[in-house]
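Before I ask anything, let me first share the structure, which is written out below as structure tokens.
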Amino acid sequence: MAAVHAWRAARVTPLGELHSPPRMTAELLRMTVQVVLVASLWRGLYAASGTTAGLDRDQAVTYAVLATLALRVRNLDQFAGRDTVIQHMHFGTIVYWYLRPLAPQRYYALRALGEQLYGLVWALAGYAVCLAAGVVQPPKSAAVAGVFVLSALLGQWVMYYVMLVIDQLCFWTLRNGAAMLILIFAQNLLSGVYAPLWFFPDWFITMSGFLPFQATLSVPLSLYVGRIPLSDAGAQLLVQAAWVVALALFTRLLWRRAARRVISQGG
Amino acid sequence: MSSEAGTLKSRPGRPGRPWKAVRIMWRITRLNFRAQLEYRSEFLMMVAIGAVWQVSVIVFATVLLTRFTGMGGWDSSDVLLIPATRMLAHGLFVLFLGRVHGLGRHIQEGVIDTYLVRPMPVYRQLQLSYFPTNAIGDLTVAAGLMVGALSRSNLDWTAGRITYLVVCVLGGMLLEAALFTAVACASLRFPAADYWGRWLEELLGTFGSYPLNVLPKAVGGFLTFGLPLAFVAYFPAAVLTGHGSSTGVPYWLAAASPLLGLAAYLASRLLWKWSLRHYTGVNG
Amino acid sequence: MSGSIQVRGLSRTFHTTVRRPGLAGALKSLIKPDRVAKEAVVDVSFDVAPGELLALLGPNGAGKSTTIKMLTGILTPTAGEARVAGVVPYEERERNARNIGAVFGQRTQLWWDLPVRESFAILRDIYEVPNAEHRARLGEFDDLLELSSFWDTRVRHLSLGQRVRCDLAAALLHDPQVVFLDEPTIGMDVVVKEQVREFLRHQVEERGRTVLLTTHDMTEVERLAERVVLINHGRLVLDGTLDEIRRKFGSTWQVRATLADPHARVEPLEGISLLRREGPQVVFGPDGPTAPTVHQALKQVIERYEVTDIAIDEADLEDVMRTAYVQAEAASSAQAEVPSGAPAGGD
């Protein structure tokens, strides 16, 4: 039973995308332009200086381009599908989530999984092209590649929970569109999408060490470019795993409270 | 709907009508502000998050400058003027004209149809549709950054320079408004155009803060003539700091940035007027 | 009792924040909100038998949707109990979900970006409906609702009528014993409305489903419901058949006749009074509690007098309900002064 219905819920996003080719063309164009811009920006910045913050030019470009690609994994035009929590709250259709013999948290997880797998295909395709074009460097060794894959997986898992928390907030603050944008901005900044965290002052790096955001992208990408040596990888993976556990418990609590809220207010 | 200029301007005979329009706008804005207060947790959260955000933005803006001194041949105190100008222009845009961003979603809910039957220009109604609480945060950050940039600057801030800076900030605001208005025009026809709006915001945020001469010629050219974000802050800052002749475009063009912003905004309003005339409503 | 609904003393109180007027008030509310209790549903009891269609009526804000939400398990009552097909919905939400189907007005449960048939497939898997059964049921729904002409279209491109028809089908795909419909035909054209009514009648009569329906469309009530429950201000006002409601609130017909002999003597008939006379034109109306129905009155008038022309003005259900709502309003404001708080009208 579970496999079939899981598959149905998971494929909602890819199917919706496949039904609107203009959206896919737009995505392709955006990804291409963004990669070209990001790569030339970092090359330009490094033109006048050598190794900075422990990153040389190629490492920095690789890091920045991979971050751009990784963003595609979970950065789809979610509103187009009208299946976000905030929209369901707005249109009052959240009640249907609680009217089905499938728990809302399970449905949400399946949808997100499908979305992330779909995004992964994009990211991998982009990675292959960038690798072939010499924009990004290949990993230094098979061990680095292996650790990176593991870390990236954990990173996406943490990312899922971070996005989930942002969505769950919608159960309490119906109109938190702006707040969501700011949180997404914080996620991007603190995960190292805009600039590798290594460039930031020490106190900033220390602070972000206490937050889950850097576990999503900064850690796996730093492992990939070799800014975090393999010898430290074990500890980093443990921290990522700890975040997964902590956020899993926290979001479970939030789901329970959200259900109580829906049930006490009627959605 | 035929006259986007609206009823207020269409009766020029009566004195005091513009004043009345301003009064109405002020009253609606006050109501909107109060509406923001209605959502208690949201408002308080916005204030709290705004504070965190301020810190991170300023950190971000200064990080690259301290790491990459001499970026593009600019002194780092001069470079700081670019993000400061851009962010101040952006903050003002969000406060005064920001509602054109993300219009597609509202269009699908049929708001334009509602606006069209009211005796006020649609564009103005749109801008008055809610109070942008986040602009408070935007402007606070931007003002702080501008103060920082000015205090570190070695330039002689004569009245002329200051005036030019103010004009440039306003020009940058108008240019950003023009770009988003153009996207909004597209969303009148294709609600999915919101997607491009979000990308535009991302591009402006990411690439608006650097001296663009660090980029390859083709890329810099794209950000000047394709997507004219160079005119928002880079060219004005270049002119102010004496890099005006090394931007890759003629000096007069760089210096005329604010004028270009104004022209772009007016053009975008014409486009809006045209698009509104061809607006066919949402289906269903 | 499969497919039955039992409601006993169901109540629901909401707590909301009152806003103070003015900017200063808004700021004050931000710091110290004022909370008040509002009773949305008060001590409501009724039963629906398996295979019965019951219309839940009442003016806007009467508590109909709140009642439906409690019966679907989305809302927990503050007091009382409900059982739907033997399950307490708000205690065993998922078990209840398998027994019920629901449509909430214009809110669609379909996936906005996908062709309708994909939505059906997702629901099939969520409810674990066997494939053959799914196909058969889809075929049946298609015959009644003509879905196949647009079920390959994406939901965002459907018209309202098409979408609501799809939503109805989606709610019934898993063969629920009990169906809740909160204003299903709101905003639809007459043709689609008729189609939907036909569909609902089929579901009740042929498939034996229990249907609880709220609507403001009295034609719908007349065509579909044998029994109605009327609530107002969250309280049950009346539970009975349409005839009972008519008798209680709607005895206001008129028979207008043109007599062949303008000078004929006219006298009141049994249970029928003479309201007006202008030359050959006479108008009769009901008289007292023993008044006949309008059709009986028509017969009596024709038998008794020689008429050249005759017409009836029957108070339609709209009028009846208007009277009912207004009287219920008066009753409940009188009620408010009685501290005991027994349900008005009772059952």
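Order of writing sets the labels: A, B and C. Residues in every chain begin at 1.
Assume contacts are C-beta pairs under 8 Å (C-beta built on N, C-alpha and C of every residue); 3 or more make two chains touch, one makes a residue touch a chain.
These are the chains along with the protein names UniProt gives them: A = ABC-2 family transporter protein; C = ATP-binding cassette domain-containing protein.
The shown structure was predicted, so the numbers you read here are calculated from the model rather than taken from an experiment.
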Greatest separation from chain C - chain, by CA centre: B
Middle chain, criterion being Cα centroid separation: A
Mean-CA-position distance for chain C and chain A (Å): 47
Rounded Å distance between chain A and chain B, as computed from the means of their C-alpha atoms: 28
Centroid spacing, where centroids are CA-atom means, of chain B and chain C in whole angstrom: 51
Chain C, residues touching no fewer than two other chains: none
Interface hub residues of chain A, defined as touching at least two other chains: 20, 80
Residues on chain A engaged by chain B in the complex (per definition of touch): 20, 22-23, 26, 30, 34, 36-38, 40-41, 43-49, 52-53, 77, 79-80, 172-176, 178-179, 181-183, 185-186, 189-190, 194-195, 199-201, 204
Residues of chain B touching chain A in the complex: 39, 41-42, 45-46, 49-50, 52-53, 56, 59-60, 63-64, 67-72, 105, 132-134, 137, 192, 194-196, 199, 202-203, 206-207, 210, 214-216, 219
Complex contact set, residues of chain C against chain B: 17, 19, 23, 26-27, 29-30, 33, 157-160, 163
Parts of chain A lying in touch with chain C, wherever the complex brings them together: 1, 4-5, 7-9, 12, 15-16, 19-20, 80-83, 91-93, 95-96, 98-103, 107, 262-267
Chain C-facing residues of chain B, complex: 30, 33-34, 37-38, 40, 43-44, 283-284
